[in-house]
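Comments concern the structure below.
Chain lettering (A, B, C and D) follows the sequence in which the chains are written, and residue indices restart at 1 in each chain.
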């Protein structure tokens, strides 16, 4: 049981780290601002979700886990809306690279 | 802990890179963006220095509020033209040598610690129990060095008076000329409706937890200020005119209650800013709540700038 | 505790960087930014000093930490005041620089220092 | 196990640092808007991992505040970024 949990944490964290890496690669390689924005927001949010999922098993009790999930939800919410804002500003600026 | 050491090296390199990009940025606006990022990043540095209270303050004030203030100013001043001029090579060279010498001197002073490290930490911990607080930093701020904290609030008010007094005569009692969001935008409205309730809960949590863990009035108050500014920038509320009674009550309530409790200490505990035995914690919590309100108002108005003639909405 | 000299050098270098920009940059707003950079270096040096006690049983010395919190708030107030002064200067004079024309040369390529 | 957490924190910090440097170096101003986003998610992940890995729960609060103020800073970025048409900004 304990080993299972540890393995779960390990794989979840590794997957999260990979998503962050993917986000950064997207940020560097993608050709225009909108796709780069898309890369860092979606992928990094998923990465953070996986990291939180991996950490949940390591916190003491339900309250600690709830705190982590709440922080993730806050990031998810604010980041999604802020991305819309940035994308709006970008698209108003017209075509560019 | 070699992994952490490796992270620290990367962290320091990143901080220096961003710091250099503030200096090298082509215009003041780019520099201001880089500075906001730098402020947020420093929060991680403070975590690594085991100063969680400072990390919270830095993220809130150094990154958020100072960023908002400088970005607004850079955007306003950009209209005044921005021919970027630099000093001549000779001046730059001399400044570079001087700065390098200063940096080397400071590094030498900080890197070579004295034989016996001077610290008041044991004394703080020894006497902390009698105040009923669990957070040593809050203990220093509200018990041992309460005078500093009180005067700091007064400095905030004085700075605000200074900013207001720069207004042209006709604009006195007007509304500050904060930059609103130029383009009407449903997304921002949504964010400004959604984030503040969460922010207020976090602010109350910060203020409450401050007695026993990192957090406190500064951090809680700054969150409230930021949420307030968010609502104003989105155009959902208009910024109060500087003559508003409620605004002025909010601004002074913190220092006034602090001063009142401190003065009462002369009678009840034989010293200015001393708390009567057994009542320290409730009194400190009362002061913190009042200060949170004042800190919500003062930095918000400071970031908004001096009042302007009533023309923009 | 190995990382402490690292952060100490970082603090010193930030101070140097801020001082350099404070002297060489004629735009008042960027001088304010530079001053904040310099200030953050000073705060970090304080953080390093507070962390020195970690050799004993404490994580960090709360006294320098509390002073740093006060300093950050006061620095913000001073920055706001300075920004308001600069805005007023520009409104009154129309120029966002304190450079005298004779001793300065325009920055041709923008950003190279 | 804690060293795994710290290792992952280190790795994610590297990717965030790389992203930040790229974003700050980009010539056009538009990409800089994303820097707050990058810190808002990546920085939070690093801080959460540090909080659990070094067993200091208060660090989670720093992550919370960082998330809040990253969003706030991003709003300021977007508010003040000039549109290409009406600004006298030099490229």
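In this text, a contact is a pair of C-beta atoms (placed from the backbone, for glycine too) under 8 Å apart; a residue touches a chain by one contact, two chains touch by 3 or more.
Remember, it's a predicted structure, so these values are computed and weren't measured experimentally.
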item	value
Chains most often in contact, by C-beta pairs	B-C
Longest centre-to-centre distance from chain B, chain (CA-based)	A
Separation of chain A from chain B, taking each centre as the mean of its C-alpha atoms, in whole Å	28
Intercentroid distance (Cα basis), chain D paired with chain B, Å	19
Centre-of-Cα separation between chain D and chain A, whole angstrom	11
Euclidean distance of C-alpha centroids - chain A vs chain C, Å	32
Sites on chain A at which at least two other chains make contact	74, 78, 81-82, 85, 88, 92
Contacts with two or more other chains, residues of chain C listed in rising order	110
Per-residue overlap in chain B, given as positions that touch at least 2 other chains	1, 4, 26, 46, 50, 74, 81-82, 188, 191, 195, 198
Chains that touch, pairwise	A-B, A-D, B-C, B-D
Contact set on chain D toward chain A in their complex	1, 4-5, 8, 11-12, 15-16, 18-19, 22-23, 28, 30-31, 33-34, 36-38, 40-42, 44-45, 48-49, 52, 57, 60, 63-64, 67-68, 70-71, 74-75, 77-78, 81, 83-84
Residues of chain D that touch chain B when the two form their complex	3, 6-7, 9-10, 13-14, 17, 20-21, 24-25, 29, 32-33, 35-36, 39, 43, 46-47, 50, 56, 58-59, 61-62, 64-66, 68-73, 75-80, 82, 87-90
Parts of chain C lying in touch with chain B, wherever the complex brings them together	2-3, 5-21, 23-27, 29-30, 32-34, 36-37, 40-41, 43-45, 47-56, 58-63, 65-70, 72-74, 76-81, 83-88, 90, 94-97, 99, 103-107, 110-113
Chain D contact footprint on chain B (complex, rising order)	1, 3-4, 6-7, 10-11, 13-14, 17-18, 21, 26-27, 29-30, 33-34, 36-37, 40-41, 43-44, 46-47, 50, 52, 55-56, 59-60, 63-64, 67-68, 71-72, 74-75, 78-79, 81-82, 179-182, 188, 191, 195, 198-199, 202, 206, 209, 213-215, 219, 223, 226, 229-230, 233
List of chain B residues in touch with chain C within their complex	1, 4-5, 8-9, 12, 15-16, 19-20, 22-26, 28, 31-32, 35, 38-39, 42, 45-46, 48-51, 53-54, 57-58, 61-62, 65-66, 69-70, 73-74, 76-77, 80-88, 91-92, 95-96, 98-100, 102-104, 106-107, 110-111, 113, 117, 119-122, 124-125, 136-137, 139-141, 144-145, 148-149, 152, 155-156, 158-160, 162-163, 166, 218, 298-299, 302-303, 305-306
